Amino acid sequence: MLVVMHSHATPEQIAQVIAAIQGMSLTAHPLPGATRTAIGITGNLSAVDPNALAGLPGVLELLRVTKPYKLASREMHEADTYVRLPQTTIGPGTFTLIAGPCSVENEEMILRTADFLVSQGVRLMRAGAFKPRSSPYAFQGLAHAGLEILAKARARTGIGIVTELMDTENADAVEEAADVIQIGTRNMQNFSLLRRVARSSRPVLLKRGMSATLEEWLMAAEYVMAGNNFNVILCERGVRTFSDHSRNTLDLSVIPPVKHLSHLPILVDPSHGTGKRDYVPAMARAALAAGADGLLIEIHPEPDRALSDGAQSLDFPGFARLLESLRRLADPLGVVIN
Amino acid sequence: MLVVMHSHATPEQIAQVIAAIQGMSLTAHPLPGATRTAIGITGNLSAVDPNALAGLPGVLELLRVTKPYKLASREMHEADTYVRLPQTTIGPGTFTLIAGPCSVENEEMILRTADFLVSQGVRLMRAGAFKPRSSPYAFQGLAHAGLEILAKARARTGIGIVTELMDTENADAVEEAADVIQIGTRNMQNFSLLRRVARSSRPVLLKRGMSATLEEWLMAAEYVMAGNNFNVILCERGVRTFSDHSRNTLDLSVIPPVKHLSHLPILVDPSHGTGKRDYVPAMARAALAAGADGLLIEIHPEPDRALSDGAQSLDFPGFARLLESLRRLADPLGVVIN
Amino acid sequence: MLVVMHSHATPEQIAQVIAAIQGMSLTAHPLPGATRTAIGITGNLSAVDPNALAGLPGVLELLRVTKPYKLASREMHEADTYVRLPQTTIGPGTFTLIAGPCSVENEEMILRTADFLVSQGVRLMRAGAFKPRSSPYAFQGLAHAGLEILAKARARTGIGIVTELMDTENADAVEEAADVIQIGTRNMQNFSLLRRVARSSRPVLLKRGMSATLEEWLMAAEYVMAGNNFNVILCERGVRTFSDHSRNTLDLSVIPPVKHLSHLPILVDPSHGTGKRDYVPAMARAALAAGADGLLIEIHPEPDRALSDGAQSLDFPGFARLLESLRRLADPLGVVIN
Amino acid sequence: MLVVMHSHATPEQIAQVIAAIQGMSLTAHPLPGATRTAIGITGNLSAVDPNALAGLPGVLELLRVTKPYKLASREMHEADTYVRLPQTTIGPGTFTLIAGPCSVENEEMILRTADFLVSQGVRLMRAGAFKPRSSPYAFQGLAHAGLEILAKARARTGIGIVTELMDTENADAVEEAADVIQIGTRNMQNFSLLRRVARSSRPVLLKRGMSATLEEWLMAAEYVMAGNNFNVILCERGVRTFSDHSRNTLDLSVIPPVKHLSHLPILVDPSHGTGKRDYVPAMARAALAAGADGLLIEIHPEPDRALSDGAQSLDFPGFARLLESLRRLADPLGVVIN
């Protein structure tokens, strides 16, 4: 951390800041410049809250030098993380598709979807039994009955299940039914929930919060990893900006920095990212070309009758066409569609 | 809802949309215009998901006419809501101060703060026993020991307690210790938590999410009210934008629309809104002038030694000066500081 | 346009709005619903400012149905626009590269760059003689001397020139030197400048404003087209959001809606979009996969000595490697790199 | 500036960065820490572009310590700037109202407005002769005929004129007609225009760009001041965010940092900030309480017939009521309404 002093800061004020730093058992490195003094701080910064220094007289601002995440950081752990599942492995070199309906609506549509995905060579299915809906009056999911349907689909087809956990009460049940536990956008900083899945043996798919910076997102991953669950899969799903041409602003530009700063795999959800079926295939291909490790994508046997997110779901023929175009692109990029 | 058709939409496409609307047991009102046809929809829209219509051929976009919130809406409930507490009442005509440290650090500082607030005529104290921190390595609060300290402060001074609930596990304990249960920014759309406090007898202070639209915020309030807890207090605490001169962008301009669209009281948190002690008093006065019903504000006996949020906390003399300036302003505005 | 009335609006208020609409020589279509009345408006909306209706008693809000752009709209002009230049044609089916340094620094580096680009098969070079810099103390470009250097490069190598025009004073000179006139991000809504290039015979490359919605961007294109210059090339270069992992947030998700709503070609600038050399190639490939019609990209013979934007410029070997990877991707996508 | 090295940076990479800094005639101060080395840079940073260092091997990021603005900075110029006009003085201690219609529509409405303002004790009138409109088909202002009407209003009533300049071509004419030249939001970074008004003898009212950071805004002021025009008045008018409850997000929280970092006066435009007449008075009062030096506010004799911005314009009685409430608030705040 660097404390930047006001250009008019007095020697006494500078001395006071240095003393305060030392009082926190940290080391101060004064760095006098032409117009102002800056003071570097080294030592164990996580043990104290040096932000309090911002209130001292003569201090202009604090600049952080060290990133607060450790386990999620590539500086600490250079090798890419591969998340191994019974059905497949997620990480660089492959491009993993996780497809399925927004929510479990009934057994028939889930089995139809699972059969279709298996026929296409897709090994993981997404579908929500617990649905976070912005309206209390909207369809909230089938809950435990939905989990049972998902378990049946897995038993019958061998497909892996990715499904969302919204609260600690249902953690055991979701762990039982899911191969990957999804933490939704609105819960990215639900720290109690993160601490719970940190104790799980299941990998965690961690969606980026609606307005989360990359650092906050990696800190959320850090919560899971700090509890000894190192199998975290990041998922970009669009962030909130002024831009109104799509449901969210899909931030594909986060992929290279994620790969630079972290060793964790990253998927992209072009369905929530765009909110509009017609825009999904182009963004899916762009995600592949940008270096993502896979997709989380919504498909539905009859999108126009879906109970939720129909407008952004592909139908089966549309998904098959997308898959084919992804396969053609994968080869020159040196990755395998999975 | 209004379905806007493409200017080249065929009569068959228009007929198909009308049929789909009727298939949802809704009524379609075609509205032919010079360049395109729009189709109004009336009926019980909450029972179905008309967004699926967006995927039909020839549809350009959907425009929603009706607001999705009901209980939180002033159209449904014209009279202002007053939230009555043992210590005071929150709502128009008064300007209620809720002050205290970010977190309960120890008994001594809580009792000192409570005594100070009582001496200033302030009737409600804020302080967190459970702290949502973006880093798993940062101070996470004293938890149940913190709640006990708050209970002791209330018992000794009569001051009302506002404290945050982060998860359903601790709901009973927080309900026991708190006069008002605070739901934090990161949990505004933690729907499981909202459903839990909807069953509580305590009023709920609902902070606005980091990037929540007004509609999403009122829908979160609707979750609480739909469970029969009508005592919801909104709290604006700054939103996330590109702007980097302060920790968040305090959106005081949300106050008039809140008052227009809803009957619920609204407080402002200038401490999180600015992140910097020196900027807090001006924003506190602006909140009063803008029509807010009160403040949630951080003070600390020794801000430069605070375990969290020290940079944005006022010390006691600073708070006393602010209070005096608020009292001078309140009179010409026709409100009473409480 | 649709006028949404308050649920408590009186019949008199509804009648007053209808009368006001008719007073603007427009037609009102009342649409009574279960909870409120909406009133559709048809007629020539551009002749009046119907926003004034928002102030009438009983009006809740106005919803616009018609898009305000006409010439830029695909509804009005279904066929894709191809911008024909002496050196190449920009539009669907090809992926056009426009590469070069941020600014013209001296003759030697421009000629080196032009020679290199020609050797790579690239037909258009970008370089700024007039530079919009956020600091008055930063290098502002070589101005007319810079244009002369660009003219020399074109004369010697045949390469086409894309360069920025910042003000009407220098319009004649830039027109003389450039094959394509670039309008920068900060000038997207400099309407006097747009009206000037609308009278030019040169195509216009119109960068998206820092926080422009798609509609505002297409309206800026409309300014140029309304003056009879139909050769407009859009260029996405990153927008401003809360996100801080890159210089701007490159909004690739705007490409499908641009193609849906407009017939104009769209390029992507991954250099300004990311601000960091290492992130440029992945975003360049993603732009191709997302359906863009080309790239505007910064390269420099010695990026670490560049007078501006060095951190985001590729060196020549880096660009050659990128070009090769784009060529491999182009084939399965059915486009030709140009 | 501080160069933060990667934790794995080699001694050679550190030496290369130090050499590069010295090659720019700057001084390098290595600051070794527990996990990484940072390197402070001192010297004349404006002469070179140290951003190029970001591309060197082993560099993690650059952190700027020094602010790039000088003349606009309070560190350089501690005393508040007062902008003196023939009619009044703008600066701390007074709260100056600048009111009037969005655009000059005809002579009659301008004279009526001027007479009304004079009768209320208001000394400055705003009205646009040149209007930046997002649509080329919307009313663009009366241009020179509008300036003549404004000149007549000034001659007859003595009221001061604030009007917008959109391009250098009309600079002489606007200078002639205006007491204060307004630079609009969309032109905040039109550097050619800023350099032109920097040579003017008229004060400049500089509106904040739609998504301008405080630093960019002060740098735009620096352009004007660097040309020797020190009479710059800042004006906050709402920024662009995800928030959709108002036309823009009025950022009152920028006022304390402006006062902290700069000596320039700052006004607030609650009309564009909210876009809705009913929300204007609350935001006007909040601006006064937040420490602004005045308002730029839209009024119209018949808002519902306005050619532009009618929905956000107050009528005369509404303005008179607002003025009275501001006068009551001003006294306890220790300022004088002007």
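As written, the chains take the letters A, B, C and D, and residue 1 is the first residue of each chain.
In this text, contacts are C-beta pairs under 8 Å (C-beta built on N, C-alpha and C of every residue); 3 or more make two chains touch, one makes a residue touch a chain.
In this text, all values refer to a predicted model and were calculated from it rather than measured experimentally.
Enquirer: Please work out which of B-D and B-C is bridged by more C-beta pairs in contact, and write that pair.
Expert: Contact tally favours B-D.
Enquirer: Please identify the chain with the largest separation between its CA centroid and the CA centroid of subunit A.
Expert: D
Enquirer: Where the CA atoms of subunit B average out and where those of subunit C average out, how many Å apart are those spots?
Expert: Measuring from centre to centre gives 38 Å for this pair.
Enquirer: Roughly how many whole angstrom separate the Cα centroids of subunit B and subunit D?
Expert: One centre to the other, that is 31 Å.
Enquirer: Give the residues of subunit C touching no fewer than two other chains, as numbers and ranges.
Expert: 211, 240-242, in rising order.
Enquirer: Would you tell me which residues of subunit D are touching subunit B in their complex?
Expert: Going through subunit D, the ones touching subunit B are 211, 213-214, 238-239, 241-246, 249-257, 260, 273-274, 278-279, 282-283, 285-291, 325, 328-329, 331-333.
Enquirer: In their complex, what parts of subunit C are in touch with subunit D?
Expert: Touch residues, subunit C against subunit D: 20, 46, 49, 51-56, 68, 132-139, 166-169, 186-187, 189-193, 209-211, 216, 219, 222-223, 226-227, 240, 276-277, 303-311.
Enquirer: Looking at the complex, which residues from subunit D come into contact with subunit A?
Expert: Against subunit A, subunit D makes touches at 2, 4, 6-8, 29, 31, 33-36, 38, 40, 42-44, 63, 65-66, 75, 211, 240-242.
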